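Look at the two complexes coming up: chain A is in both, with chain B in one and chain C in the other.
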Partner chain A sequence: MIEQLLGDYTLRTVTLGAAILGAVSGVLSTFVVLRQQSLLGDAVSHAALPGIGLAFLITGSKASLILMIGAGIAGWLGTALVLLITHSSRVKYDSALGLVLSVFFGIGLVLLTFIQKSSLPNQAGLDSFLFGQAASLVMEDVLTMTVVGGLALVVILLFWKEFKLLAFDPDFARSLVLPVRWLDVGCTTLLVVVIVIGLQTVGVVLMSAMIIAPAAAARQWTDHFGMMTLISMIIGMLCGTGGSILSATTSNLPTGPIIVVCTSGVVVMSILAAPHRGILWNKIRQILQNRRLRAEAVLLDLFDLAKQHETPEYPHMEEVLRVIYPQSGSLLRQLQGLQSKGLVMRNEHGAWALTPDGVIRCHQLIKERTP
Partner chain B sequence: MSTVIEVRDLTVAYRENPVLWDIDLDVGSGTLMAIVGPNGAGKTTLIKTILGLIKPAAGQIRILGQPYHKVATSVGYVPQRGSVDWDFPTSVLDVVLMGLYGRLGWIRRPGSMQRKEALAALEKVDMVDYSHQQISQLSGGQQQRVFLARALVQKAQVYFMDEPLQGVDATTEHAIIDLLQVLRSSGKTVVVVHHDLQTVSSYFDEVFLLNIRRISSGPVSEVFTDQNLKLTYGGRVAIIKEPTS
Partner chain C sequence: MSAFHWEIQLVSMVVATACALPGTFLVLRKMAMMSDAISHAILPGIVIGFFLTENLSSPLLILGGAVAGLLTVALVEWIRKTDRVREDAAIGLVFSTLFALGVLMIAQFANDVHLDIDAVLLGELAFVPFDRLMLFGRDLGPQALYATGIVGLLCAGFILLFYKELKLATFDSALCATLGFLPGVLHYSLMGLVSMTAVAAFDAVGSILVIALMVGPPASAYLMTHQLSKMILYSIILAILAAISGYWAAYLLDASIAGCMATMVGVEFAVLFCVAPHQGLLVAWKRRRHQRWAFAIKMLVIHLLQHEDTPESEQECRVDHLQDHLAWEQPFAEGVVARALSRKLIRSVGEYLELTPSGRNLAHQAMVHV
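Presenting the complex of A and B:
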């Protein structure tokens, strides 16, 4: 398969393009998710569509750089409009986003239909920007993506600590007289740039997933900002690569959607299984903890019962213990569990008693629980 | 005692409603001042406006005789604890280091020197042991101490703190007040938005009573009277005097 990957021009180009896109959007994703601007990515990508149509109408060219510039300007205008609406009217941020998203997207669709129905030369294929058409990528496109994406990463690295503070505590950043407004504009511009370079591969409709999913997944695995960015980048890259190979080797699956499905799969897995934050992980930890607490309770009860006798290892029948736990069906299981740990033992009459280790454990527990 | 903070005729408005109206405020060096007033009185707005976070409609603000942006490195800020997302993936030490970003300048990253400074600040709030903890694992009082350490590391002349005692336990409250008094004795100026009327007299030197307008300000003993409090809160409040025995 590696041979095929290296030998096949289209597959190689698409995989490389998707990997670069995944990496860059993965990094940006961290900032977008932590700044709670996930919806902004969606609005920007939808707002980019009329830019593509207009760029083609004005220049008559389908060169990716020209269409990208058109998309970028439109996406950026969309964002500016969202800010303008929220600042100058009582319309809330999310409503403004929805408004801009649908209006721009609508205009974009009108333009695309108009172009398709027209007799303009060379007009076929613009609609592939809706869902992306990775197979149409050529090496030149990948080169553009690499340069533009690389620049975006350099900017993020240079202003790393400023962007981080912007994400965590913008008011404090402002009190340090950092130019928060410009940092914000910079961060948003980077978002627009990343979305624009992804449009040809993933498309207007699904691009927001690339901006949200990698970081949403990465957050589950770490509590460290830098590490989260790195994991997010790797998730983006792997899903980009994996998705494009999968779509090439399986009969005609569309690349963009497959990449998005892969990324979503990683998100679901991370939300369920990641240590510390994962749902399953927490559930299992809770069950284990409850079981341990119940077993310890039984152990301590044996200890208390034995206090009335001359030795802490004095045995008691299960029935005696059952008086303390009339409802518990699992008493025998607790005792057997403790037995397997060598903390209690059963004598020849079937009575349960603490072992010397069990006595030591009881003393430890009592000490731990006394504040 | 020289004037450190000087505010003249400050007016701030959201849309058509004034939030602060014609505020005058003077604070001298080595003063521990409480800003007191009901909800919506504009306490946070006042601090944020002085720090340049909100643009005033009118008025003048001077800190150490200069506009804020010229002396920002001499000013420390403790925002309200609830103003940030404590689930942000970062450690206690990282948050404290943010206090140094202003002095570090662009592009430079904090190094071992800065880490040492940050740890020293954490030491002062008794949080060194938590320096590598993720911030979401902290209690409210610990979060407040981290924010305080971030301001301390700024090595400022003037501190603005927005409700640093909000929702902290008694131990933390005393630790914070001790710290503020140490700052005051070393000649710093500390302005604190404060909610608990019962403790104003014992904690602070001066008080600024605010309800959109300045009601009164000056030494606690002169200004913090039932009469003034009624003016501030609209007659619905009185301080319960501790019985003198």
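Presenting the complex of A and C:
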């Protein structure tokens, strides 16, 4: 398969493009997720459409850099409009997003139909931006993506600690007299840039997954910002590569959707199984904890019962304990568990008693639990 | 003008109304982006429904879509509750994944039928009149009219029936819960309606126009009124207006009908954003300007009152002195004096200014306020 990967020009181009896109969007998605801008990404990718149409109408060129610039300007304008609407009217953020998204997209559609019906040459393939057509990528596109994406990454590295502060505590950043508004604009602009370079590969709708999923998955694995960005980048890159190879080796699997499904799969897996934060681990921890607490309760009850007598190692029948736990079916199992740890023992009459070790453990527990 | 035109316009009016009704509540409940999520996420539901019935206009499709829509809402809610991913990210993840699954299903199993992603996202109103409902050999009109009409009636019925409950759940969900009105059930019913509307409308107008019609007209209406009932009414009117004007714009420009309608939604919002009665930019600008003058006039009369009948009044009450004392530019000071003169709050005696009784009154009032 690796031979095939290296030998086939289209596959090589697509895989390289998807990997680069995955890496760049992975890094940016960290900021998107932490700054709660997930839906803004969706709005930007829809809002970019009229920019693509206009760029083509004005220049007549389909070079990806020119279309990207058009898309970027339109996406950026959409973001600015969302801010304007929320700042100077009582229309809320979500409505402003929905409005800008659908209206810009509508304008884009009008432009695209206009282009289709006009007699402009060389227009075919513009609508690949709508749904993404990874197979239409050529080496030149990948080169543009690499350069633009690389620039975005360099900017992030240069302003690493400023952006980090912006993501976690913008008020503190303001108190340090950092130009928070410009940082905000810069960070959002980078988001627009990354979305724009991804449109051709995965399309308008699915691009929003590319800038959420990698970080949403990475967040589960670590509490460290730099680590999270790195993991997010790796996840994006692997899913891009894996998705495009999968799509090339199976018939009728479009690249964009399969990449998105892969990344979402990683998110689900991470939510379930990541150490510390994973839901499954939490459940298991909870079960173990409950089991330990139940066993300790039985141990302490034996200790309490023995207090009525001269020695703490005074034995009691299982039936006596059952009075305390009328409903519990696992009493015998608890006792046997304690026995295997050497904390209780069973005498010749079948009665249960604490061992000297058990008594020590009881004292320890009581000491631990008294505040 | 042919029946063709009429039918398309009638369908688009019905769709506009059906979208604006639940849309109003989405906007008020700050869940406008759920329209985006749901209208994309219904795709797999539609595809499965299509596999089962092999018919794009079967009611089962609407049901399948509605189930997919509710699944979206439930999944978002579930992810949010695990506390591992924030709500906005959860919405973005769920709908794009469901959409991707829908696209994959189409590509795998339905490559050669009339069900492509373009159709779902963009719709084509121009084809609506060709898909007709035939009953007992009689032509009853375009099928889309019935599908969207029924869903629209359902929305209207639901809102009429549960108007006060919806109002309460929207504005004070905690009170709604304490009174025992089950805001959760209302929430899911509303989301079910949104999904059904989205599915019924997708074939005719596409997801994007559904979002535009659900969010745009209510957001515009929100700029015009504070009252729920009026907001619903204005939303419907604005939605219908956008649909009709968009249709004719598309006809004249020979462009995408759905695109033109969405554009008109944007135009409506832009116009109201500027000139709406209380909220508009223009009114706000005028209000600020008026307040600036009114405040300056108050300052002037207070200033005059302070120095009335004092030895330095000859110095203080000259127009050219205001520049020093109140730090007003000469033209501004002259403007303030002219306005105060015309309102008969002051009169000029030679080079000096003097308060009239009404001016003195205003100054006293203003001082009390301070």
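Worth pointing out:
We adopt the following convention: the second predicted complex is superposed on the first by the 363 of 371 C-alpha atoms of A that agree within 3 Å, B and C clash if a C-alpha of one lies under 4 Å from a C-alpha of the other, contacts with A are read in each partner's own complex, and residues count from 1 in each chain.
The working rule: contacts are C-beta pairs under 8 Å (C-beta built on N, C-alpha and C of every residue); 3 or more make two chains touch, one makes a residue touch a chain.
Treat the numbers as computed from the prediction; the structure is a model and nothing was measured.
Between chain B and chain C, C contacts the larger number of chain A residues. By the document's definition of touching, neither partner reaches A:Q339: not chain B, not chain C. Using the contact criterion defined above for the overlaid structures, shared-chain residue A:R219 touches chain B and also reaches chain C. In the superposition on chain A, A:T146 makes contact with neither chain B nor chain C.
In the superposition on chain A, A:D169 makes contact with chain B only, not with chain C.
In the superposition on chain A, contact is made by A:V177 with chain B only, not with chain C. In the overlay built on the shared chain, the residue A:S330 is in contact with neither chain B nor chain C.
Once the two complexes are overlaid on the shared chain, A:T355 sits clear of chain B and of chain C alike.
Of the two partner chains, chain B is the only one that A:M228 touches; chain C does not reach it. Judged by the document's definition of touching, chain A residues 36, 219 lie at the interface with chain B and also at the interface with chain C.
Interface of chain A with chain C (complex): residues 33, 36-39, 41-42, 46, 85, 88-99, 101-110, 112-114, 117, 127, 130-131, 205-206, 208-209, 212-213, 216, 219-220, 252-254, 256-258, 260-261, 264, 267, 271, 277, 279.
Those residues of chain C whose C-beta lies close enough to touch chain A in the complex are 27, 30-33, 35-36, 40, 79, 82, 84-86, 88-89, 91-93, 96-97, 99-101, 103-104, 107-108, 111, 117-118, 121-122, 208-209, 211-212, 214-216, 218-219, 222-223, 250, 253-256, 258-263, 265-266, 269, 273, 279, 281, 284. Contact residues on chain B toward chain A in their complex (touch as defined above): 48, 51-53, 68-69, 72, 75, 77, 79, 83-85, 88-91, 94-95, 98, 101-102, 104, 106-107, 109-110, 134, 136, 150.
Partner chain B is touched in their complex by these residues of chain A: 34, 36, 158-162, 164-165, 167-169, 171-178, 219, 222-225, 227-228.
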